[in-house]
Amino acid sequence: MIRFENDYAEGAHPQILQRLVTTNEEQTPGYGMDKHSETARAYIKKAIAAEQADIHFLVGGTQTNTIVISSILRPHQGVVAAHMGHIAVHETGAIEATGHKVLTLPSENGKITAAQVKACYDAHWQDSTHEHMVQPGLVYISHPTENGTTYSKAELTALSEVCRECGLPLFLDGARLGYGLVAQESDLSLAEIAKLCDVFYIGGTKMGALFGEAVVIVNPAYQRDFRYMMKQRGGLLAKGRLLGIQFETLFEEDLYMAISHHAVVMAMLIRQAFIDKGFALRYDSKTNQQFPILPNDMLTALAEKYSFSTWETFDDNYTVVRFCTSWATKKEQVDRLIEDIHQLA
Amino acid sequence: MIRFENDYAEGAHPQILQRLVTTNEEQTPGYGMDKHSETARAYIKKAIAAEQADIHFLVGGTQTNTIVISSILRPHQGVVAAHMGHIAVHETGAIEATGHKVLTLPSENGKITAAQVKACYDAHWQDSTHEHMVQPGLVYISHPTENGTTYSKAELTALSEVCRECGLPLFLDGARLGYGLVAQESDLSLAEIAKLCDVFYIGGTKMGALFGEAVVIVNPAYQRDFRYMMKQRGGLLAKGRLLGIQFETLFEEDLYMAISHHAVVMAMLIRQAFIDKGFALRYDSKTNQQFPILPNDMLTALAEKYSFSTWETFDDNYTVVRFCTSWATKKEQVDRLIEDIHQLA
Amino acid sequence: MIRFENDYAEGAHPQILQRLVTTNEEQTPGYGMDKHSETARAYIKKAIAAEQADIHFLVGGTQTNTIVISSILRPHQGVVAAHMGHIAVHETGAIEATGHKVLTLPSENGKITAAQVKACYDAHWQDSTHEHMVQPGLVYISHPTENGTTYSKAELTALSEVCRECGLPLFLDGARLGYGLVAQESDLSLAEIAKLCDVFYIGGTKMGALFGEAVVIVNPAYQRDFRYMMKQRGGLLAKGRLLGIQFETLFEEDLYMAISHHAVVMAMLIRQAFIDKGFALRYDSKTNQQFPILPNDMLTALAEKYSFSTWETFDDNYTVVRFCTSWATKKEQVDRLIEDIHQLA
Amino acid sequence: MIRFENDYAEGAHPQILQRLVTTNEEQTPGYGMDKHSETARAYIKKAIAAEQADIHFLVGGTQTNTIVISSILRPHQGVVAAHMGHIAVHETGAIEATGHKVLTLPSENGKITAAQVKACYDAHWQDSTHEHMVQPGLVYISHPTENGTTYSKAELTALSEVCRECGLPLFLDGARLGYGLVAQESDLSLAEIAKLCDVFYIGGTKMGALFGEAVVIVNPAYQRDFRYMMKQRGGLLAKGRLLGIQFETLFEEDLYMAISHHAVVMAMLIRQAFIDKGFALRYDSKTNQQFPILPNDMLTALAEKYSFSTWETFDDNYTVVRFCTSWATKKEQVDRLIEDIHQLA
């Protein structure tokens, strides 16, 4: 069985694991105050060209989304997100558990637009009974989205401008950020993201780390006392060095981008194979997740050799499935898959 | 500098790290459904002699306490704990953040008694306005406590009986459980703890793992839907195998007990050295944490070669400090420390 | 200006106010333990034919919804409701503030169906990653709905059956319950509602009381410790007698039904006038709220003499507005309105 | 039975009830936007000499404390209060239910001092692991306290100065504020309280109203969006006029002070009778609550004719009880009680 079902099926990129081994006996202070975490922070600040940013390391995505969002909102405020955004559907109500509503906007592909945010904001304030409704207090996007799609520089700039105009901080979930940065047609750099967002995070778990997400708080207004929030929500790792060491390794040279690049190249090969064979794609993803719409009988054939996830029923005869690549995806596995795609009858 | 300041200053026990390396390329399902987690669960069930228990792996102690406690209490209930219990003072109000008060009982050494719990319960229900007060809903203890002390079998049995009589589930925080199990005078086995408690956890982070705590839900009444709670509070690790692999290694043979034993033997040597030199100990700890009361000028001398934590001011001339041992503590480091203790003037 | 904008524009029905005056000097215990509250509970139990029910009095609707819902759900559960349900949009996220998501179902007229609830429940449990999603834990409906529509006995029975089959308690918001009970075509009695629901409330604020809602907890599973919840959420009124006295007055004889009947008769006259004049109604309401779709220029004319609420924009030329009646609506005011409707050009 | 057990045993002062009757037919907008509420706000602003203050009306004390405190604190912050403060013990964990810890300070008489607050603040920030502890974020006091004691102008000024120095807002719970204002030796006026506090409330429920508390937000930093918080926590009364009318009546002329004065004069007579008879008082209260320490056998005798509350067991033979007065306490009732006190053997 060759696995394409997700991007977290293996352990970590070997360089990361190796670094954990070589540093194992070092004695360091706990809770992220160690020198590896310091170095990792310095590397990331350089990569994002934002010296004033605060950088914190957390263990996973749901934890990160919850801590960031609940640290910013006041009790009567909610977070604006696409209706299929991860925080809206796949985190067991983690945001609501901190007291806040997720205010959802319709979306075809996981993205939301500046115009939608503006309309949502205006609708709230124009309502004479707005005090009876949750006030929009923050905008959440993911890049790439859950559907593999990405924001262009123009789109993110427009979102950022509307957010600033409305006084709404903009938070970008970058659980798979690297894949977005290297995507064909992508014109957004880390430095631009840091300029356009108030807070964002650089995913590790789905990008080759054992685990870990690097939260970047660019806007000083949201930096204060963040470590308290981390501790309160169970996010301050005793051996914080584990996160520092991993991000140090990812950003010391260009490992983060190399991992991203490899996975996306592999994904593009798979994408092309499906297109060549005449299959439609549910979302126009240029990142490491591909969503072909396949006839059900062909799925059965493919499933004998490959694992992938079932995304949604398309109609009686077709199903949307997801193929993921990662640092661990091997060229020969992809070649074999492509060959089998071509032979699907 | 030789470090005795805590039991999480290094990475992991080499066997654990080695196992992470050898399993790294394996492809497994996420979120704790992998075979390593299954195996670890089987090992632990055997060790605790409780086949019906549910076992889940979480990343850290605050996360574990929060998820367990909030999954059990109804909104108007609070958790009873020693006033210096970890959840009462050192988790940034994590329990309150889930809506629940920590109802504290006075304690000299971190332990609470069956009589205290009974009195607290009776006082609540005898008050004619009890509906205006938080209802005791759960009892939290740690073993060993934050102060290194342990419950005897008789004490835990009494607590357990009172809890059952009052309908209060008993939750034991075992962040350092191994050290308690092997402590001199300790007469509590894992199987007995599993019989006497409703929920407890077997700590990994402070016991030689990179991170991780194994929650054991013995009482079926509290097993339902626990994985939802884990996900909602950010505790369902994508690469859940990392936890499974670590606990598999710890419980496959006797590594967990070996680590515990080594650390406690080292601690007892340090303890004896302080006693021999005529220093008092703040708490009568037979586990891996020792709390000598030292003259301030001697502290300065010791601090040149050794790191340890300042616990509390004892009086104008004396301070309580904490020396910790772990799997990583070397006999020769302890010998050197003992020598220096003997030469303190 | 004659006001039809809502059903809470005046104080209380004179009989209620009178009773407050005559009982004013009585000395009673606080917090709902007084004899008026006891009597009111007895009257209501008789009216609903459910001796085993627990009855509590709260001040307002948002408070009631919040306390009931948060007292029933476990942390990972959400409440299923129509997407335009009061708890979903008009309570400033009160439910989320207690940690729970509102799981919304589409609705044309404020009602949800048994089939929708079943499908929602099945979709959750059939999803292999259901632990990553909020679990349906309770079903919330209003009767009449925000849109004036009502459930038939067959519809409520079907909902109730599905709820019981799925283990989902059914909670009916009866802020305007009386108007639903007397509505033409309505075949649901108080006793039937008590049989079909687990919890419901009999609204007072919008039914002629100064304020107050009577919560009826029919299912014993949800009765325990409810007064704690009331106190914790600020709902245990010190002078609880005020609620007791009002509901005692409403249910001593048939005042509650008389008020309901009067308001609905007035509303039906208004409804007929709009229909006669050829205007469409946005919702098919047989209760005290009427939602005609009126040309914008006619609105301006009407607004000179009458107040009513703007409900929603229908199209460029038409607007949906709401006319409400209550105990305080006078026949001659309605007659004048009807006359003016007939003369609209 | 003559009742002295609390100050909320009757309905409302007749003038208030009368005003509710005369205004009953008026039609007003809901949710506190009516002209009576406007007028009441104007009267109060004049009484406190603070035109910039925001004034909101809520129904009860627990609701008010919860809404004010949760609207100010960030998630990792707690509220500092006396250990027997109402929010710490008698509100069923309402503050914790909003996610915040109550950080308690020891107190002999319900009051806390500027020095205590400073020490608490310093202790937090001097701790090297302060991020692991709840951060003090607000100071809560009551005046008079639960024990009938009051702050002097010097004491409140000192508290206010320390709070401002530490950046901690000061919130004064004035559930019985009037009784404090007129207390012998009291040198604090409403205007001074408004200058020294950031937020406070003027109690109605225990001061002759049917119900209601007037929240005064003096510091503009805490004024924003307060009505959202009210709505979310179930505190925005549909018929908000009821609160407006009551406070309008209380502050139109000098009814609030007259009620306060009458109750305190009655209480002072009772106090003197106990002192004359040689009984000690548990707290040195100059307000409407008196706490004599009485022999248990005399209690039984008194209890035949008078109701009062049992406060706490003093020792095997003595009990602390509470006698309360209010607007409804009649001079002849007090005379009869005094006579009976004098005849206690």
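Letters A, B, C and D mark the chains in the order given here, with residues in each chain numbered from 1 onward.
Note that a residue touches a chain if its C-beta (ideal position, glycine included) is under 8 Å from a C-beta of that chain, and two chains touch if they have at least 3 such contacts.
Small disclaimer: the values here were computed from a predicted structure and weren't measured.
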(request) Look at the interfaces B-C and A-B and say which one is made up of more C-beta pairs in contact. (result) A-B
(request) Determine, using the mean of C-alpha atoms as each chain's centre, which chain is farthest from subunit A. (result) D
(request) Starting from the mean Cα coordinates of subunit B and subunit C, work out the distance between those two points in Å. (result) 50
(request) Calculate how many whole Å lie between the centre of subunit A and the centre of subunit C, each centre taken as the average of the chain's C-alpha atoms. (result) 42
(request) Can you check how far apart subunit A and subunit B are, centre to centre, with Cα atoms defining each centre and the answer in Å? (result) 34
(message) For subunit D, give me the residues that contact two or more of the other chains.
(response) 75-76, 91-93, 97-99, 131-132, 228, 231-232, 236
(request) Chain touch graph shape: choose line, ring, star, complete or other and state it. (result) complete
(request) Going by the contact rule at the top, pick out the subunit D residues touching subunit B in the complex. (result) 75-76, 78, 89-93, 96-102, 129, 131-134
(request) Quick one: which bits of subunit A touch subunit B in the complex? Just the residue numbers, please. (result) 1, 3, 6, 8-12, 14, 17, 20-21, 23-30, 59-64, 66-67, 91-94, 97-98, 205-206, 210-211, 228, 231-239, 241-242, 328
(message) Taking the touch rule as given, give the residues of subunit A at its contact with subunit D in the complex, in rising order.
(response) 31, 70-71, 74-76, 98-99, 131-132, 135, 225, 227-232, 236
